[in-house]
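Next, two complexes with chain A in common: one pairs it with chain B, the other with chain C.
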Partner chain A sequence: MRILHHAKPAPVGGPLLNAVTLTAGILVAIMAAILVVRFFYGLGSVTNLNDGYPWGIWIVVDVMIGSAFACGGFSVAMLVYIFNKGEYHPLVRPALLASLFGYTLAGAAVIVDLGRWWNVWNMYWPWSANPNSVMFEVAICITLYILVMWIEFAPTFFEKLGMNAAKRRLSKIMFIIIALGTLLPMMHQSSLGTLWVVLGSQVHPLWQTPVVPLLFLLTAIIIGYAVVLFESCVASAAYRRSIEMHLLTPLAKVMLGLVAVYIAVRFADLIWRGALGLAFGMTLEAVMFWFEMACFIGVFLVIGSEVQRRNPARLFVGGIIIMLGGALLRINGFLIGYDTGGGYQYFPSLTEVLVTVGMFAIEVIGYIVITRRFPVLPREEAHA
Partner chain B sequence: MKSRREFLKRAVTGAAIVGAGATASGAVLARETHKVPPGGLGLLYDATLCVGCKACVAACKEANGNPPEFNTVDQLWDTPLDTSGYSFNIIKMYRNGTMETKDAEKNGYAFMKTSCLHCADPSCVSACPVSAMIKNPVTGIVTYNPDKCIGCRYCVAACPFGIPKYQYDDPLGRIGKCELCVHRHKDGHYSACAEVCPTGATLFGKTSDLLAEARRRLALKPGEITTYPRGRLGDAAAPNVNWRVEPDQTYEGAVGNYQQHIYGETEYGGTQVLKLSGVPFEKVGMPKLPPYSSAAMSETIQHTLYGGLIMPVAVLGALAWIAKRNVKPEAEEENES
Partner chain C sequence: MSASIFDLDRESFTVAEQRLHMPRREFLQFCTTVAATLGLPAGAEAAVAKAVESAKRPPVIWLHFQECTGCSESLLRAEHPTLEKLILDVISLDYHETLMVAAGHQAEAARKASMAANKGKYVLVVEGAIPTKLNGIHCKVGGHTAIEMTKECAADAAAVIAIGSCASWGGMPSADPNPTGASSVAEVLGKPVVTIPGCPPNPYNFLATVVHFLTFGTLPAVDKLGRPLFAYGRLIHENCERRAHFDAGRFAMQFGDEGHRKGYCLYKLGCKGPETWANCPTLGFGDAGENNWPVGCGAPCFGCSEKGVGFTKPIHAMAKMANVTPPLQYPRIEERIGTGSSFASAAALAAIAGAAAGGAAMLAKNLGLSHQAAEQEKKSGQKPKAEA
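And now, the complex of A and B:
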């Protein structure tokens, strides 16, 4: 790694109780109340799930999209440690923190959605394992990755608690943890897409493809960078800190390079399978396909030029557009483009939405508490 | 600029290596759709014999201890509109125009049984992460174990026939689907739906026997008189099962006006439940499916990438090697900064 002089991470400080954490707290309380009903009266009591749409937003948004939005840590760590881009090092900790929360909550969200959650230990019971199941792979990988991320993030707690010996010992094997922290998300983020391969012709040909693992992997990495752009802007605005534009501008360029690769792969696959024609019909699927692709193509209009990438507001919007595009890919494949043919309908209920909102609210509270009290964000130079 | 070029070069090389590895091993490992086991048990449903009495629906409810489902105002009769977590077998009706002729597509009506087809290569079994849904290697019956099931409903999503269903109204909800009454086999009873069918429209037996019977019927001339068995066809031997002795229930009847198509013979790589119909199958709610199972494609991808953990371990080794060069242990970092 090139020798670089970065500001050391330091706690931001400030009050933990404010308008944001209070609002988020209320949303979490509402979620808790809804979940009590769910656990006493069944999934049907608070969701609009049915046998035509057995997976709703708790899976597609909280887990699929939630974990993709939590790819910042993986994407940035890969850039820094694998592609040796040491200059991005200050972005690693905050990105990793968001990932840690994103994944831990995605894991929690799965439990809430499981109809027979008390049997979940079977997932880790060798006599129940089904290595043919894509979901088995996803579950094992995500569980391991959550553990790996807590270890990756442990130095932050060691610093706060003054456990220097432990920190030094951990740093000796950190390269293995980092390698695992890169491999595991590559495995399960791609497999989250492979999940719909077994659904066969029930998934619309605009999304049903054998290359879906590659599409999910690429978008997960891309979303990872988009989330860092988004989050850095929000953290700077909320904590009144300067924005690390010298890092975000080139990071946005890396992201755009991958977006270009993604668009090429996406269209090459559609043409190769002869499915592109379906994008030009007057169907809901076609319209949603173009909404999805418009995000990946449109981002070049927002931050395509170097001048545009020096504008924090544009990076913020660019980040949001990519996050939306990645979210749409997942919603389109699992919900809009999914049809069992039985005339079933699904639109999430208010209570379903409130639980999803509550899950994200926990993330916001956690991020605020930890950045204010633990050394995560780079220390601000005393400003005038 | 130079570093960016290098970055892209590395990224492309890495992707190419992984891609090439996946393609090479994929060509070797691609798995075929499984076939129906030789001793596979199933049903033959002949829509031209079905009179729509729904005795099979009632018998199925009783055999599986399922409660009635009400969809009419008076709530007097069990009236499921589709299979559900509490209804594993229903008879659906096709209606067209004046509904004058049975089994006619135009101005006619027809019946169709909806229940698990016990696929040769079931998606639900491939999807289930905890082996709660398994296919018996001898009888081929796809069974469900609620003590393993985590309620993820991947089987519900995966099945191309929309068969496994979940009980959303119950905090302890289970997946419900036909298991060919495997729990009654030890008492010498076979599938309740076939046992009670008054016309032999639903027959129980070995899939190979049922297929031969279906072919026999399709070879006959419509209107011709032939014999129809009822209940159980042939020996249908299953391990540790002695079927109850029943009187001969064979009867004579006229041959229906069949579509020359045995549904389930090739659909999705073959199913152990076969169907005959006078009306095209798509019109009576049976989906048009390719002659292979999506489970084969899904497992091919899964095992190409993760088979024997070869790829993950190789990639992990490469990543660890690179990371070791790029990450300095704590002490050095302290000195530098």
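And now, the complex of A and C:
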């Protein structure tokens, strides 16, 4: 890694109790109340899940989309440590923090969605494990990654608590942790896509393809950068800090390059499989497909030129568009383009929506508390 | 009990054969059936045979009150042996209003004579509920109320058996609003008695109880409601031949539908098997072999023998699962296929999407404005000033 001078991370400070945390706290309390009902009376009491749609928004949004949104840490770490772009280093900690919450909550959301959650320990029990299962790979990989990320993020806590010896010891093996932290999400983000391969003809041909692991991996990395754009803009607006435009502008270019690769792979696959024709019918699937693709294509209109990429407002909107596109890809394949036949229908119940909202509210509270009290964001130097 | 049932040449055996006008095979069949119904161990049939073949003939006094005589009718249709042989030869039926030849004061005199002669040795059987309102004037025999007769006969009886649901717990006469105050034998006597509930009860449950008394001199073990455990120890649901359909979730949904014709579980038609304790599915009725009982014929059990179920719960109301209520955490039996969006969830989603879009638009606008200001400053040749 090139040695570059960066502003040291520092706590932002300020009150923890404000309108945002209070609102988020209320949403979390509502979620907790619903989850009490869920754990006493089962999934059927609060969700609209059925045998045809055993996965609802708790899995598709909280886990699939939540973990994709949490790829910021992995995407930026890859850029900094693997491609040796040390200039992006100030973005690592905030991105890692968002990832930490995203993944930890995705793991928690899985437990909430498991019908017989009390059997979950079997997964980690070698005698009960089924190593040929995609789900097993995803579960083990995500668990390990959550663990790895907490270790990766631990220096932040060590700094705050003054545990310098521990920080030094950890920094000696940090390269292994970082390597794992890059490998593991690549493994399970692609495996989340493999689930569509396994689901077979139940997934609409616009989404069911042998290359879907690659599509998931690419979009996960792209979303990672989009989340960094989004998060940096929101943090600077909310904390009234200057925006690291000198980092975000080139980062957006990296992202756009990957988006171009993704669009090429996506259409090449559709044409090669002869499924593109299905995108031109008047079906819900076709409409949703174009919504999804419009996000990935439309982002070039928003931040396609260098001048546009210097405008934080455009970077912010571009980040949101990409996040929306990645979210639509997952919703389309898992819910809208998913049909087991037999007349099954699914639309999330109010309680399901409120739990998902609560999960994101926890992230917001966590992010605010940690950035205000722990050294995550770069210190605001006395210059612009 | 050491006597072998295969000791077929013994004299008493031959005597019994002649006395009962019953072929040897049929007699042994009866003894074995009764022993099996009682759930007695192998070899007990010999004891039963020995008890029945000896000519002790315990006297039985049978009282009828608020009832339909269905219990007696059902008993008359027992085939192993035919009941006339049993009541004339195995027991000495000294008083039974339907079957006795005597009438009027003569009959009452016979009852009193038998009671005096067999003090402490006779068996009292009560059929029908006992009215208690207005001092019991709703049911009188020979000028005496049912209450008086029951108490009088029970005082010196060796055993009291209540046959049928009416005598056991009030039965149909006690159904709401119970205008006569119909009560059970146990309630009137103020002490527990052996009960053989059912409407009508299976005759073999009664016969087995009587023969148990003949054989061992005691009444069989009973539950807290006085019901012999050999007959009422298990739920109908537990031994029902349609149980597998219940477990698999295959139900008749209405009479005559495909499930009903295929013999699926009748639970959803209101079958009370899951909350009724009786041996109907294992014993069958009318000596016609297995499956000859209500559920076997496609009619849901209505819980005739169970207090609080029969004549109380609506016939087509679903039964409470008395011993296997599945925990709420278990999956539902019926399959839901989903109903699409509800107004609340669609509105919540729209509100969240709207709030997010609004927030994002405001944030983008502010970012755009500050960017514009910065660009403006650059254009006017001034470097953005450092903030203090």
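Criterion: the second predicted complex is superposed on the first by the 381 of 384 C-alpha atoms of A that agree within 3 Å, B and C clash if a C-alpha of one lies under 4 Å from a C-alpha of the other, contacts with A are read in each partner's own complex, and residues count from 1 in each chain.
Simple rule for what comes next: a contact is a pair of C-beta atoms (placed from the backbone, for glycine too) under 8 Å apart; a residue touches a chain by one contact, two chains touch by 3 or more.
Note that the coordinates shown come from a computational prediction; the quantities given were computed from them, not determined experimentally.
Undergrad: Overlay done on chain A, so just call it for chain B and chain C: clash or fit.
TA: After superposition on chain A, which the two structures share, chain B runs into chain C.
Undergrad: Pick one for A:Q202: touches chain B only (first), chain C only (second), both, or neither.
TA: After superposing on A, A:Q202 lies in contact with chain B but is clear of chain C.
Undergrad: Which partner does A:A237 reach: the first (chain B), the second (chain C), both, or neither?
TA: Only chain C; A:A237 stays clear of chain B.
Undergrad: After the superposition on A, what does A:G342 contact: first (chain B), second (chain C), both or neither?
TA: both
Undergrad: Looking at the overlay, what does A:V61 touch: chain B (first), chain C (second), both, or neither?
TA: neither
Undergrad: Would you mind checking which one, chain B or chain C, touches more residues on chain A?
TA: Partner with more touched residues of chain A: B.
Undergrad: In the overlaid three-chain picture, which partner chain does A:F175 touch, first (chain B) or second (chain C), both, or neither?
TA: Touch status of A:F175: first partner only.
Undergrad: Looking at A:I82 after the superposition, I want to know if it touches chain B, chain C, both of them or none. Which is it: first, second, both, neither?
TA: first
Undergrad: Quick check on the superposed pair: does A:L248 touch chain B, chain C, both, or neither? Answer first, second, both or neither.
TA: Neither chain B nor chain C is touched by A:L248.
Undergrad: Considering only touches as defined above, state whether A:E352 meets chain B (first), chain C (second), both or neither.
TA: A:E352: touches chain C, not chain B.
Undergrad: Could you say whether A:F316 touches chain B, chain C, both of them, or neither, answering first, second, both or neither?
TA: The answer is second: A:F316 touches chain C but not chain B.
Undergrad: Between 167-175, 203-211, 239-247 or 311-319, which chain B stretch has C-alpha clashes with chain C?
TA: 167-175
Undergrad: Touching chain B and also chain C: which chain A residues?
TA: Correct list for chain A: 40-42, 44-45, 50-52, 115, 342.
Undergrad: In the complex of these two chains, what residues of chain C are touching chain A?
TA: Listed in rising order, the residues of chain C that touch chain A are 328-332, 335-342, 344-346, 348-349, 352, 360, 363-368, 370-371, 384-388.
Undergrad: Taking the touch rule as given, give the residues of chain A at its contact with chain B in the complex, in rising order.
TA: Listed in rising order, the residues of chain A that touch chain B are 1, 3, 5-6, 8, 39-45, 47, 49-52, 54-55, 80-86, 113-117, 119-120, 122-123, 125, 128-137, 139, 167-168, 171-172, 174-176, 178-180, 182-183, 186-187, 190-191, 194-195, 197-202, 210, 213, 253-254, 257, 338, 340-342.
Undergrad: In the complex formed with chain C, which residues of chain A make contact?
TA: Result: residues 40-42, 44-45, 48, 50-53, 115, 233-234, 237, 243, 310-314, 316-317, 320, 342-350, 352-354, 357, 382-384 of chain A touch chain C.
Undergrad: Going by the contact rule set out above, which residues of chain B touch chain A in the complex?
TA: It comes out as residues 3-4, 7-8, 10-11, 82, 84-85, 123, 126-132, 146-154, 156-158, 160, 162, 165-174, 287, 289-290, 293-295, 297-299, 301-303, 305-306, 312, 315-316, 319-320, 322-331, 333, 336-337.
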